[in-house]
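Both of the next two complexes hold chain A, though its partner changes from chain B to chain C.
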Partner chain A sequence: METINSNAAYRRKGPAFYLKIYLKIVAQDIKSKMSYRTDFFISTIGMITTNIAGFIAFLIMFGKFPSINGWEYYEILFLYGFSLISITPTQCLLDNNWSLRRYVYDGDFVKYCFRPINLWFYYVSEVFDVKGLGQLAFGTGTLVYAWIKLALPVSLILILKTVVALVTASLFMMALQNAAAASCFWIQNSFWLLDISLKMKDYAKYPVTIFNDVFKFIFTFIIPVAFMAYYPSLAILRPDNVPVLTYLSPFLGILAFYGSYKLWMKGAGKYDGSGS
Partner chain B sequence: MESIIKLSNVSKEFKILNRHEGLAGSIRDLFSRDYKIVRAVDNISLDVAQGEIVGFLGPNGAGKSTTIKMMTGVLEPSNGELIINNRIPYKDRTKNSQEIGVVFGQRSQLWWALPLVESFKLLKDIYQISDKDYNDMLELYGSMIDLEPLLHKPVRQMSLGQRTLSDILAAFLHNPKVVFLDEPTIGLDVAMKSKIREMILGLNQKKNTTVILTTHDMGDVDALCHRIVIIDKGRMLYDNDIEHLKKFFGAYRTLKIRLREDTEEAAVKLTKELSDLDIAISNDDTWISILVNEEKTRVIKVLERIQETHSVRDMQLEEISTEDVIKKIYEGGTGFGK
Partner chain C sequence: MVNKLKKYFALTRLGVLETLQWRIALCVMVLGNLLYLTLIFFLWKAIFASAGTDVVNGMTFEMTMVYLVLATSLYGVVELYLVWEIGRNIQSGKIVLDLLRPFKYKQYVFWENSGSLLVNFLFTFLPTFIVVRLMTKGTIPLGINLIYFLLAFVFSIIINYNIDFIVGTICLYTESIWGINIMKQMLVSLLSGATIPLAFFPDRVAAVVKYLPFRAIYDTPLTLLMEADPDWHTVVSKLGFSLFWVIAISLFSNLFWRLSIKQVTVNGG
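For the complex of A and B:
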C-alpha cells in the first residue's frame, strides 16, 4: 500500500488534472450558490440592473453625437460590448482575489498553503462568480447588435480574430486585477489599488484616441487599459490601418498575465502567516 | 527507529519595522530601514519517530505555530536544518504537502458551502487517492464515529465541534505520514473534546500516523501525548515524556482547602499572611489551591498556619496536576530548564 501511495504522489499534475479539478469545484460551487435561492435571485436582479443602467448612461452620452473623434456610434457600442465580454473571465474566475487582502491581513491565508497543488490555482478556484455569466450574455448581445449595424462580414477569419482579440483583452484585465490583488502581500492598505483596477475597466470601453496625449500614454504603456478593448478590436474595426501594437497585443497579454501570476506567487512566498 | 521529523538547531527570525507614531511617522516608515530582529524560534533540535504523538506546549507567542509553519513548508528557517520525511519542506512545499495533513486552529480548510462528502471527493482528486484507499478510509471513519449525518451537511451549517472533527478527518483522508494539529480542541465542549481525542488516538494507532499537536489544554496532553515538548520565548525548555516531568516535580503537592468565608477574599488574605512561605496560591469559586514544594515547606505547616487565623471547612491533598507542572515551567520559578 505504501508504494501505491507514493506513486500517486509523483503522478504528474498537468493542465488536464487542473481542468478536471476546476470543473468539479465550479460545479459544486454553482450548486451550492443556487441553494441560497433569495441571495441568488437578488444578485441576479442587481447584476441586470447594473448592466442596464450602464447601458442607458452610454446611450445618453453617445446618442447625441453621431461620431466622436472619427469613431461612429456603433463602433463605440462595439467597444462597449467587447469590454463587457473581456471583463467576464476576471469577474468569474478571479473573484476570490477581492478577499485576498482580508485573508492575508487576518493570517487566514495560511490555510491555503497546505495542499499539494498550485497555490494560486487553489486560491482562485475556491470562488466562481456566476453573475459574470450574465454580463457575458449582455456583452455578447451588444457586440452582435453592433456587428450587424456596422455591417461587418460574418466570416470565419473575422470571428477567429474577434476571439483572439477578446482573449487578449481578457488577459490584460486579469493581469491588472491579479497584480493589484497581489499588492496586499507588500502593502498593508492595498484595497484602493484593487478598486482602481476595477475602475480602469470603465475607461477601457472608449477608444484611446479620445483621451489627450498624457492619458493615451498612461493607458497604453503604464496601465494597459488601451489593451483591454481598443488595440485588440482595431483588428476588427479598422482592418486597413492596424498598428503594430495590435499585432503584438496577444503576446503582450500573455506576458502581462504571466507576470502578474509570478508577482502573486512571489508575494505568497514571502507571506509569513503572521496574525495567528 | 527511523525518524520522520528531524530538526537540527533550527531558528527563525523575523524582521519587524520599528513603526513611528502619527502621520509624519508613517511617512518616515515608508523609507525607514530601522528594523528590529525578533527571534521567534531559537535553536530548536528535535527528532520524532514514525507513529509518535508529540504535544507542543508553551504560552501564546512562544513559537509553537512558527515551528509548525516551518515543518509544513510555509516558512523557511533562518538557520539550521529541517527535514520532514527525507525532504526539506520549504523547498519542496507541494510534494511535502502530499504527505502531511494540517489542521490550523479554527480555520476550516474545507469548502465552506459544500457538504462534507463533496469536500472529501475533491480532496480525493487533489491528493490522487485511489478508490480503494478512499473507501477503506471512509469505512474506518464510519467504524469510529457516526459519520453518515456529518457527510451530507454543508460545512457552514456545522457546529464548531463538528467542523473541527470534519477538518481532522479531512487531514487524515490521504493517509499522510504526519498530521499537524494546531489547538485541535480549542473552544469545544467536554464531550466533543473527548470524541476528538479518541479519534486522533485511534487514527494514530491504526495508521501509525505521526501526530504533532499544539495545545493549551492539559486534557489533550494527558489523553494523547506520550511525549511533550515545551517551548517558551522560542526556546525548547523540555523534551521528554510527561511522567518524567511529574517526577521532577514529585515533591510538589497541591493543598486544596475550603474556608468558612468568601473564597475570593480569603485567597487574597492568605497570600498576604503566608507571604514568608515559598508557595503559590490560586482559587476558583469554591476551592483555594496552594501549591507546596514539600522539600522546602511541609504541607502540615502550611495547614497549621492557615488554621491559626481561619476556619477550614474541607480539605484535599493532590499530586501536582499536569497543568500546574506546565505553569511552573512557564513561570520559570523553579530553576527548571535552562
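For the complex of A and C:
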C-alpha cells in the first residue's frame, strides 16, 4: 500500500502494475456477481438466447436468398462468427460504459476522479462481463464451422492472420462503443448513441460492397462498420485480392481506439460533478 | 370518470415535458434511426438484386422497404424500455413509493410513459410516415386503412405494454433485469416481424408464429396500413386476433401481478 500511496509511484506505473490492479478489481466484481447467482444464470441464458435468435434471423434470410452480392452463405457465416468474436472485448471489458451516463447524470462519477490511477482504466475495470464469454464461444463455433465448410487451409500463418484481424476488428468495436459512451459528457443521454453503436455490430457481418460510394465512405471512415469484420477478414477470405485498407486496418484500429480514449478522457476532464 | 382521466393525463403531460427536455437525445435518436435504415436499405437492395426476381414471397423490394422503415420507426415509439424501469424500481425499492400512490401500479407506469409515447409518435413515426408516403406514392394508400391501422396500433401498444409488464413482474422473483429484458427484446423483435417481415419466414415457422401475440405488435398494424382495400374477412380476423390477445394478456398480467406482489418482499422498502 505504501508504494501506491507514495507520490513517485503515481507517475511511473507500468503495465504490470495495471494488470495487477485489474485482476484485483475484476476478482471483486466477479465475487459480487456470484452472490447474485440467479441473475448470473439468467443473464447467461439471455445471452445465449440472443445469439440463437440472431442466428435464426440469419437462417431465415438465407433460407430465401442463397447469396448476397457475390458473397455466398458460408462466407457471410464466417463474417458473422468473426464479428461475434471481435465484439467480445467490448462486451467483457467495456461493459461499464453502459452505466456511464447514469453516473455522470447522478453525479456519482466524481468517485472515480479521486483515484491515483488512470481514470478511464479505473472506470472500465470496475465491471467485467462474464457472459460475454458465452458469445465468444458461440462466435468461435460459428467461425470454425464456416472455416471447415469453406475448406480454408489450417496453417499457422493463416491462423496468425485471423488473430491479427480479430484484434483489429475488436479495436474498432471498442473505439466506437467508447466514443458513444463518452458522448454523455456532452449530451448526457447517450443511451441512443450506445444503442446505435451496438446495432451497428449486427450489420458488420455484411460486405461493405453492398453500399453505394457515399455510404461506403461513411461506413468505412466515419462510422467504421466496414472494419468490424469485412476489411480484416478479406485477408483470410479473399487472399488473392487484398485491398490496401486491409493492410492498414491494424494501424487504423489502434488510432481509432486511441482517439476514442482521448475523447473519453477529454469529456471526463470537462466533467464538473454538478450532477445536472 | 373525468377526474380519473384527468389524473392520468396529468402524467401524460409530465411525460411529454420530460421527453422534450431531452431534445438532443431525440435528434440523436432520429439520426441514429436514419443511419440504421440506410444500412437496412442497402442490405435488402443487395439481397433482392441477388435473388434475381422482383417479387419474393409476394413482397417487392419497395414494399419490403416501406414495411421495414415503418416497423423501425414504430419500434421507436412502442419500445419504452419499461422492463428496465420496473426492474430498477424493484431493485432500488422505489416501487414501494409507487405502490402507495393513488394509482394502480400497472396504470401508473403506463401513463407515466404515455407522454414519451406520444412525443415519439408525433416526432418519429408521423414524419417517417409522411416521408415514406411522399417518396413511394403508391405503396401506402390513404383511406379506410388508416383507421384500421390506428385501431391495430392501439392494440399493439396495449399488448406490448402487457408483455413488458409481465416481464417486469418476473423481475420481482429473479432480481435480474438484463438477461430477462434481452430475451424479451430478441423474442419480440424476431417473432413480431419487426426485423424480418413475417412473409419471409419459412412456412413451418410461420404456422406457429401466426398464433402468437407478438404478431399483433408490428405485423398486424403494418400490413393493415399497407393494404388499400382489404376485404372484411381479413380486417375482422386480424383485428379480432389482436383484440383477443389484448384481453387475454391483460387479464393474465393483472393476475400475475396480483399473485406476485403479495409474495415478494422488496429490498430497501
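What we mean here is this: the second predicted complex is superposed on the first by the 261 of 276 C-alpha atoms of A that agree within 3 Å, B and C clash if a C-alpha of one lies under 4 Å from a C-alpha of the other, contacts with A are read in each partner's own complex, and residues count from 1 in each chain.
Operating definition for what follows: a contact is a pair of C-beta atoms (placed from the backbone, for glycine too) under 8 Å apart; a residue touches a chain by one contact, two chains touch by 3 or more.
Everything numeric in this text was worked out from a predicted model, so none of it was measured.
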item	value
Touched chain A residues, chain B compared with chain C	C
Which superposed partner A:Phe65 touches (first chain B, second chain C, both, neither)	second
Touched partner set for A:Cys113, first chain B, second chain C, both or neither	first
First (chain B), second (chain C), both or neither touched by A:Lys24	first
First, second, both or neither for A:Thr50, with chain B first and chain C second	second
First (chain B), second (chain C), both or neither touched by A:Asn212	second
Set intersection of chain A contacts, chain C complex versus chain B complex	none
Chain C residues touching chain A - in the complex, by the definition given at the top	22, 24-25, 28-29, 32, 35-36, 38-39, 42-43, 45-47, 49-51, 56-57, 174-176, 178-183, 186-187, 190, 195-196, 200-202, 205
Residue ranges of chain B in contact with chain A within the complex	14, 65, 69, 72-75, 93-95, 97-102, 104-105, 107-109, 111, 113-114, 118, 121-122, 125-130, 133, 154, 175
Touching residues (chain side chain A, partner chain B) in the complex	1, 4-5, 8-11, 20-21, 24-25, 28-29, 32-33, 35, 108, 110-111, 113-118, 126, 271-274, 276
Chain A to chain C touching residues, read off their complex	36, 38-39, 42-47, 49-50, 53-54, 56-57, 60-61, 63-70, 131, 187-189, 191-193, 195-196, 199-200, 203, 206, 210-212, 215, 219, 223, 225
